[in-house]
Structure formats: structure tokens, C-alpha cells
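Naming follows writing order (A, B and C), and every chain is counted from residue 1.
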Amino acid sequence: MSNENYYDVTAWNIGNAHQDIGEVINSIIDDIKTRQTQTDINEGGKPGAVIYIPPGDYHLTTQVVIDISYLKIVGSGHGFTSSSIRFNTPQNEWADWHELWPGGSRILVDLTPHVGDEEHSAAAFYVKRDGNPRISSVEFADFCIDGLHFIGASDPENSYVNGKTGIYIASAQDSFRITGMGMVYLEHGAVIYNADALSIHDNFLAECGNCIELRGAGQASKITDNLIGAGYNGYSIYAENFGGLLVTANNVFPRGSSSVHFSGVIRSSITSNRFHSFYPGMLVLENNCSENMISSNHFFREREPWGPMQKYDNGLDDLYGLLYISGNNNSIVANHISETIEAQYIKPSGARPVVIRLVSGSGNYLSDNHIVATTEAANAQQIAKQSCFDTQVRALLTVDTLMPLDVTMVQVEKESLHNTILDSGSDAQVIVDKTVNAFRATPTPGM
Amino acid sequence: MSNENYYDVTAWNIGNAHQDIGEVINSIIDDIKTRQTQTDINEGGKPGAVIYIPPGDYHLTTQVVIDISYLKIVGSGHGFTSSSIRFNTPQNEWADWHELWPGGSRILVDLTPHVGDEEHSAAAFYVKRDGNPRISSVEFADFCIDGLHFIGASDPENSYVNGKTGIYIASAQDSFRITGMGMVYLEHGAVIYNADALSIHDNFLAECGNCIELRGAGQASKITDNLIGAGYNGYSIYAENFGGLLVTANNVFPRGSSSVHFSGVIRSSITSNRFHSFYPGMLVLENNCSENMISSNHFFREREPWGPMQKYDNGLDDLYGLLYISGNNNSIVANHISETIEAQYIKPSGARPVVIRLVSGSGNYLSDNHIVATTEAANAQQIAKQSCFDTQVRALLTVDTLMPLDVTMVQVEKESLHNTILDSGSDAQVIVDKTVNAFRATPTPGM
Amino acid sequence: MSNENYYDVTAWNIGNAHQDIGEVINSIIDDIKTRQTQTDINEGGKPGAVIYIPPGDYHLTTQVVIDISYLKIVGSGHGFTSSSIRFNTPQNEWADWHELWPGGSRILVDLTPHVGDEEHSAAAFYVKRDGNPRISSVEFADFCIDGLHFIGASDPENSYVNGKTGIYIASAQDSFRITGMGMVYLEHGAVIYNADALSIHDNFLAECGNCIELRGAGQASKITDNLIGAGYNGYSIYAENFGGLLVTANNVFPRGSSSVHFSGVIRSSITSNRFHSFYPGMLVLENNCSENMISSNHFFREREPWGPMQKYDNGLDDLYGLLYISGNNNSIVANHISETIEAQYIKPSGARPVVIRLVSGSGNYLSDNHIVATTEAANAQQIAKQSCFDTQVRALLTVDTLMPLDVTMVQVEKESLHNTILDSGSDAQVIVDKTVNAFRATPTPGM
């Protein structure tokens, strides 16, 4: 009797994990399949295996292809550090740095996508299996997937483009887990089609073009307790055609074109999250998103404070809505929404920014949302802003100097009907046709 | 010096873990007790141990009995797959399946309960210790407990009956943890008496008759971030005589006679969960449940869509209440509740379904609950429904065809007094004696 | 090729981990630094390492000093047991106890702070590194740090004073993780300066003078899903000058001078927690805390029920406010707040306790808070109260005998202006100047 289903990538006899961990893991998967061939020996037969990745640098030049259930790939360190800060530091300062790259149990994705390749061709981990049952209970835990460089034509390391994906799950699957992972400098972190009972929990997914993309369709899953922040041109959390998705307890920081973007998602929840963004469109519900619950979240939007990124945004203007809602019977209740921006940076110039915008659909219910809009004193921008961390210090220095900013707290377009808007803004702050929507103004304090 | 407190079940010299992991673990516990005998050597003495279960199939024919603190039993894979889908697939198709059974670090519970046995006799893990202090910090993590078969007299594999329990904790205990576990096809997943500071976190407990049962009494515990779904005749989450229980961030899917059932529970929280059910009585607060907080949850009830299960339900009719509340001073605030059902399936026939029902007690506070009730177009039921996953696809196909359904959004029985009902339904949708309850109707949009 | 970056403290060739794990870990860190010297070999170079602590008792007489990124220190058991209950049990009963001390992978902190030492001198783990980049991705997981004894001059083991700290992070840092840890009988659990993207998740931090202290400044972090309870004179959760902190899904039990104390914190969230306290000042927002979100929490305050601790409290009286709010534009929405206390224990005598108190600032938004205030029947106090667990049993026995207690549900001081108070108390229960604040009384049920 031995631990026949426990593998250490550094102890495997085929390939060299440091040179190509992809070859090693694929070889291990072959070994598992060679050994586990029968489907019903004494009510068992194919328990899968665990593959351990100790801390270390592991280049990946061969894509890992997973087509067996019950495979757990686990490391001992999510290994995040900010590559973005480093790439925006003059290179002549690097010699003094303690370390330059992410670490932990770290996979360096050396795949090179070519024009015309399928999107998944440069995924470090590619999961695909046809037939029955759906592939189940594959787990990724506690290691780092590093895409190394972005390579866009202009300002490459800030482009969030390199064609690389961390984990690409192409087949319908059940009960997968992604936990404790770090992902950095990938164009796509996790792309997952047709998820059922998926758990994405307690990960650190940042400085990726996109972090989490749930595509195709899906149900009964959770994205919980993660630290997440995508690039200015990508999704932090995206889901389409999903039912019963629970997005809770996440701290989603900038940039991210959006914090959460739902398309055709129904009966799902976005609760108790903290969202921070530099652009409008923090939350987008489009393509008939219906019966969703948005509650107890904190939304905060300010202007990009960091020099190297100030030239970028997500292309949306301040009339788009910080929260853009298209669909029926959604609930937006008991959220705090803060926006602070100087008048000169509002787009289009002179516009009154829109905070919650009901674009189309009917029967949405907004209640008890507290919206705080302010403008910074002009000289606040003079404070040095060298890193993400300074965002906070700057905010603390300036919060006392904030002046009220006039915004439209809720705007109900004429294509959106029969909504109920309660205690989410005063008469002057809400634009709504009261003949086809119910409205109760927030009582206004005397001044 | 060696890792004397680290055990691998496959490396132990007594028994054979694959044939009877129970004998092996009990023998390891004996070894720990033999070695750790003194209670205060240099302020230490009995640190406990960790027992590792690598991925593999492990039959359990001897019950594990735990009576030492600080024992951690840990595997490398929760190993869930749907046994229910397989058992409801014609057996002649199984030959083509990639695998037939759950996997990971999987314990196959071969215990056979006999008539007249005590309930715990067929528990895979039985925790019991008398005396002081309460047994503390036992941890179960990252393995699978599989009950294999249900054996009810009729339609056995769909009966959710086999007398087997995964983890049965009979003694008052402190600071236990159940994390990352998979449980499947057990009549009872985890039965825990007299819990204090218990954490049940990030598990996958599904296709069990009952999933989590907190019995006796208890305090200051949490059930968080789990994927849970019991059988049609059992509890997904049950607690009795508890104070300070936090149920948050769970995705509780069907079936489950209820999603959460509290009896005599006080000052506890059910927040930020996603609940999905096929029957009335999703949330039951009975036996004087008081001062509890129900907030920011998403409730969704529809009719059972899957053929093999359509003959079953929990026996309650649509007048029972989707949320059934008996007790004092509870808060039900800022929840989204969706119900969709065709008129022909409403019981009793022609009834107006009740969504929130205050049955007895006083001083309950309901506010800002958004209730969406719809009926599907008749032809929506024609869509093929072969698996749980189709629930979602069907929903996405039909959400556009939903028509409003007339329901009683809140019904306050005359035995329930002095409640406050705000913004949870219009005048016509709420049945309440306004002379003894406070009521403010949700403003109604013009049509 | 070998697992060169995996260390087991019991297998290291320098020192003896059971006698001084500090010497062993420092020696391992030296080894890592000796081996990992180059900052950019083939886009890698310094992956860090994992140090494993098997279950066992490990004395620490030498402080561990961490100055490398990507170090993970991990055990196999958080090992909590209540030292407080034991120290308050007559010593002649100890002989019958199964075990006397915490266990698991347990570090016994034998450091002795001397008068005049810097605060961090008696920290078991001290993290400090100057220069760039900030130290990143150090992880502490699944072990126990035990301070052994409190040593205050009077009633020493109940004094919560011993000068010892579990983890002290002195330098600005990024993406650290503290997960699955147990801490007990430390004057300070985790002290962390200048945190960015920190995760403190699923720990058991109790019977420490203070549990979590985020000092200096910080941003974009999360304290989630922990069981926490500090001493009567300390912080359970403290943060200062922070932006974007997410405190959610925690069960914070007594004692703790406060459950959460924020100083100068902005745009942060406290949602879906369960808080239990024996004193006023459960939640303190001071020094211009602004734009924070307090939602979906359950607050419960009662009198200390346990004899040995009844002589202690946090020194605040019942006019201080259970929730004390100083700052601007905060949201306090959809919380349940229970207070139960006998009239004879109210301080100052005869006072009407204040539940939510707005002390200074402006623009705060309170809505939909359900406040339940009761007084116990006098004979309820006769029930034996031998341990924390009896708190719950007592509560269950007495909840039926509770009588309403007259309290001020919201009190708005004249230094706090332009606030909005909705549905959080009746006219008689709210003290507010309606000429400078907006107020809507909760409708009152008929009696």
C-alpha cells in the first residue's frame, strides 16, 4: 500500500517541472488514467489524484489538458506581488529591489498564442471532456499562475493583452473548486463555460486583463471572499445566462472596466461586497437580467489617481450610470454608493453624472440606497500618487475637503416601466416618470 | 525528532485503509492516546495529530470513534459527483460513462444499520467524550463521505433513506471545524449536538437526506460559504435551541424539505444567502424563534422540473408560506423572493399562495422585501428536462414568457400580534389586521 | 530536483523545534535567503518557501523575524481550547481533565517582555522589511499561537495582559494571508501596519487581549468569516485610517471592549456579521469615519452572565451608545439590534440606554434598523452560570420572560447635522432635532 494517488511535480520521473511543468502534469494525468481504468470495482474505481506543486518557479511551455474528474492541483503559496507597480518603476531602480517577480508555487506561462489560434490555445490549464457524466470536482488551490508580460502594441506592459489564460474550462462541469489561487498578468484569469455548483473562493486575482468569466450558461455557483481587480479594459467578474449565482464577500478593487457585469443572468445575488472603481459602469446588468438581488454592497467610484494609468479608462461617460440596469424585477436595496470626482473630469463636460440608471425592463425595485456624491478640492490632486497604496493615503488626506457634487441619483429611462423607487434620492435627484413608476423621495434634512 | 503526530492512513501498520479505514483510524487514535498521556508536561502534553487520507477509495466497515481533542482528519479532494443523476440514468448507458462514483479522498460507508440500533450506530465518524473539558478543535477537511446507496422500500435510490450518517457529534464540543468536505448519499450529513464556536465552512453537502443538523442546543457558531442541497424529505440546514448562529454566504439548492429550518433559535442571522427550493416552507422559524435577522437573501421557489423527482415533495401546500415565521421580534428585511409556478400546480387548487406568513408571536419587523410572483406559460413545461442543469437552461428560455401570479405577499395570522410590515406588498397583497399591527404599503407603480 | 523549498520544522538540522521553534524557523529563513539570491533568473528567482509545523508543542524562545516574501508557515490544527474556563476552574479539579492546554500545531510563546521594551519585542512572529517592493504574500495558516498566561498584577489570568503578540507586521505589505489560525491568551493577536490587500479569513482568535489591530493606514483588505472574541479591555477588530476594508461574515463574541472599532476609516463595509457583547460601545466609529456601510448585521448586547468576569467591563455607560458614530455620510441600514438588561444594571442608574448615537459629523443615513430592547425577569439571574456555554442555555430559558425596556433607539447629538433617520424608531424613541435632520418614524403597531 502506498500513496499512489499523491504526486509531487518535482519528484516525477518524466520531464522537468521547473523547465516545463505542463509536460510533467500531463504525464502524471496519463499515469492516473493508465492506473485508474475501471469504472466500478467494488463501488469505486477512479478516485483521481492530487498533484502537489511546492514553492518554486515552474515554466509552462506545454498546455496542461485535464479530462479526468477528482484531480486536485495544489501548491503552497498564491505568490502575488504587483507586477504593474514594478513595470511602471524605472528599470534602473530594479537593481535595488528585493525581488522582481511573483513567487510561491508559481507557474510561468510561456505559451505564445499566434494569430488565428483558438482562444484557449494559450491557456495554462485547459479542461475539456465530452460524454457523461460531466467532469466533476477538479480543484485548483494555493498556487500562482503568472502570465509574465503584457504585449500590446502600445505601452505594452500596461496593455493587459497577451492572449494568455490561467484556467480555461471548456466543457460543462460540476462541483469544481478554485481556492487560494493567485493569478497575475494574464489576459484572462479563469474562463469557465457551463458551470454547475462551482466555487471560486478566497483567491487573489489581480492585474489580469479579465479575472473571472463565466460563459455559456450556468447555475447554483458562488464567487465568494475573493480579492479581485482586472485591467481597465476587462471584466473583474463576468457571468452570462446564469441562474442562482451568489457573488458575496468579495473585495473588488480597480481597475476593471466593471466590477460585476451580468448578461442574461437571472435570480442571482450580489450582496455584501466592496467594490471600488475608477469609471462609470461599475455594475452592468444587460440582456434582460431579471429577478436579481443587489444588496448591502459598498460601491465607490473616484478618478484614476495613478499617473501611469490616467490615460486609460473604459470608454464610458458619466451619463452611462455607475449602476446600469437592464431587465425585470431586480432588487437594488440597501446599498451605499460613493462617488467623488472633480467637475473638470466629468464626461461629457458639464454633465450631471448618473448613479443608478434603469435602462429597460420593468418591475425593478430600488429602495434604501444611500448615495454620496462629492467633488474634491482642486489642490487635492497635487498630492504625489506613486502607487495604488497612495490612493488610500490621498483619500484620507482629502476626505475633509470634499464638497457636495450634484448628481442624478436615479434615472429611469422611458424604456423601463413599472419600477418602484423608494428612499434612494430626493425629488430633485431622481428622474422618473411618476405616472408609470412608483416613487417615494428620501426625506431631506434641513440645512 | 520526527513527524510523530502526522499519520497517513495508507502507511499505517495496522489494518488496510482501503478495506476498512475505520479500523485504521481507530488504531491511529489508540496510538495517539498511548503516546500522549500526560496533561501538563511543561505547559503542553496532548497536541493531538493529523491523519491524512490521500485520494483513493476507502471502505469503512468499522465506525471511527473520536474522543481526543485536536485531531485533524484531512484529505485531498471533496470528490463530489451526482449519484442521483446516475441512478436516474438507465443502467445500460453506464458502460459509456467515464466514471460512476464519487472520488477524491473518498470514504465508502459500508455500515449497515439494523432495526432498533441507535441512530449514531451507522455514522462513519462518531465523536463522544464525557468529562471536562469539552472536546475541542477536532477538524474534518477536504475529503468525501459517500453513503453509496439509498435503500427505501419504494424507488430506493431516490428515497434518501439508508440510516447512514457522515459525522455524528454526540457530546458538547468547542471550536470544531468542518471545511472543504464532500458528503453524498448519506441520510444524515453532519449531526452535531451542543455546538459552541463551530465552523462549517466551504463544504459541498448534497444529495444527502439531511445535510446539517445542529441539535440539542448551541451558540456562537457559523455555517458559511457552503454549497448545500438535501433530499425532498430532509433538512438542508437545521438548528434548534441555538443562540448566535450565523448562516451566511451559502448557496442552498434543491431539494430540501426546507432551505433553513430553525426551532427555538434566538438572536441568530440568516443573511446574504441564495436559496432555491421546489416547495413551500423554504424558511421555517418555529417554536418561538426570536430576535433573529433574515436579510439580504435571495429566495427562489419554482416547481420541480426534473421528471424522476416530480412525484415527490415536502407535503406542504401553498398556504403554508414560503417563509413561515413563528416567534417574537424577528427581522425580515431587504430580501428578494421569487416564486414562479403554473396555476395548475398550486395546492390546494385555486388557492392564492402565501409568501411570508407570520403564524404566531409578536413584534416581528418586515421591511423592504421585494416579492416577485409569476406563472409560466403552459408550453414552457414541454422543454426537455433531463438533469438538474436543465433547470437553469429552462429558466433562461422561459423567463421572458412569465406572467404575473396573484399571491398573498404577507399574511399575518391573528395569533401574531404587534408586528410592523413596511414596504413588503401593496394593500391588496398583504393580509393583516391593521388595528394590532403597523402596516405601510409598498407604493404601486402606475400601469 | 527535490522539494528544496519545503521545510518541516521537525526535520531541520539546526536547533530543536520543540525547544525553540523560533531558532529553527529563523535558521530556515536564512537558508532560503542563502539559496535564493538572484532577483531575475529567467524571469524568476525568489519563489520563497513553505515551512510546515506538524501537530505538536513547540516552545518559542526566539522571535521569528520575517523579511522575505512568499513565505508560507502552515500547520495542521488551530488547536483552540478555552484557557479562560480552565483558569477559572479550581485547580484541584484539573487532575480529572482530559487535557489542560490548547493543542494542534501549537507554538508556546515563552518570550518575556521587559519594561521599556518596544511593543513588538514579545511578538512570536515579527515581519519587517525596508526598501522595495513591499514585502508580499507571506501566509500564516492552520496553526496555534498560545501566549499561555496572563500576568496582570491583580487576578492575573483574567487580566488579558502579558505583553505578548502573535503576529506583528511592522512594514507596509501587500497580499498577506492569515487563514485557519488559532490564537489564544496573547495580549495582541495580530498587529498589522499599513496593510494592502490583506486577507484575514476563517480564523479562530479568542481569549486574546486584542484580536485584530490594523494600524497606521491601509486599503482594500478583508476580515471575513472569522470567530473572534477579545478580552473586556481590548479590541476584537480595530482599524485606523483605512479605506476599502470589508468586514463580513464574522461571528464576534464577547467579551471585547468593542466588537468593531474604526478610527478615521473611510468607505469600508461592516455587513452580515453577528456581534455579541456585554457592554455599550459594540461598534465605535470615531475620528471622522466617513462613507462607511453598516448593514445586515445582528447586534446583541446583554449583561455579563459569567461570575468570574462580572467584575469587569469596558468602562462605558449606557448613554454612550451601543453604536457610537462620529463622522460623515455613513450608512447604517437594515441591522437588527437586540439589547437585554435588567434595570438594576443600567449605568448611570435610572438612565435610558442609548442604542444608536450620532455624536458628530453630518449626512449619515440610518434606515430600517430593528431595535429590540428588553429586560429580564429578576429571577432569571438565579440560573447557574458556570461557563460561556451557559449563556446560551440561560438565554433560551429566559427569552419568554423578557419585558420591554424603554430605550432611546437613536440619539442625534447637536454636533451631528443633516442626517436622515428613517424607520429606526418611533417619535418617542428617537431624539433628534428635526429642523436640521430628516426623520421618519417607524409606524407603531396598535397594542
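Assume a contact is a pair of C-beta atoms (placed from the backbone, for glycine too) under 8 Å apart; a residue touches a chain by one contact, two chains touch by 3 or more.
All figures in this text were calculated on a predicted structure; none of them were measured in a lab.
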Interface sides of chain A and chain B: same vs different residues, half threshold: different
Fitted rotation between chain A and its twin chain C in degrees, CA, nearest 5: 120
Chain A and chain B, separation of their C-alpha mean positions in angstrom: 29
Interface hub residues of chain B, defined as touching at least two other chains: 202, 225, 248-249, 271-272, 295-296, 333-334, 368
Partner chain C, residues of chain B touching it in the complex: 1-6, 39-40, 42-50, 68-70, 72, 74, 129, 131-137, 139, 172, 174-175, 177, 179, 194, 196-197, 199, 201-202, 217-222, 224-225, 241-246, 248-249, 264, 266-269, 271-272, 288, 290-293, 295-296, 328-329, 331, 333-334, 363, 365, 367-368, 417-420, 422, 434-440
Chain B-touching residues of chain C, taken from the complex the two chains share: 8, 10-11, 16-18, 54-57, 59, 76-82, 85-86, 89, 93-94, 96-106, 108, 148, 182, 202, 204, 206, 225, 227, 248-251, 253, 271-274, 276, 295-298, 300, 333-336, 338, 368, 370, 372, 388-389, 391-393, 395-396, 399-400, 423, 442-447
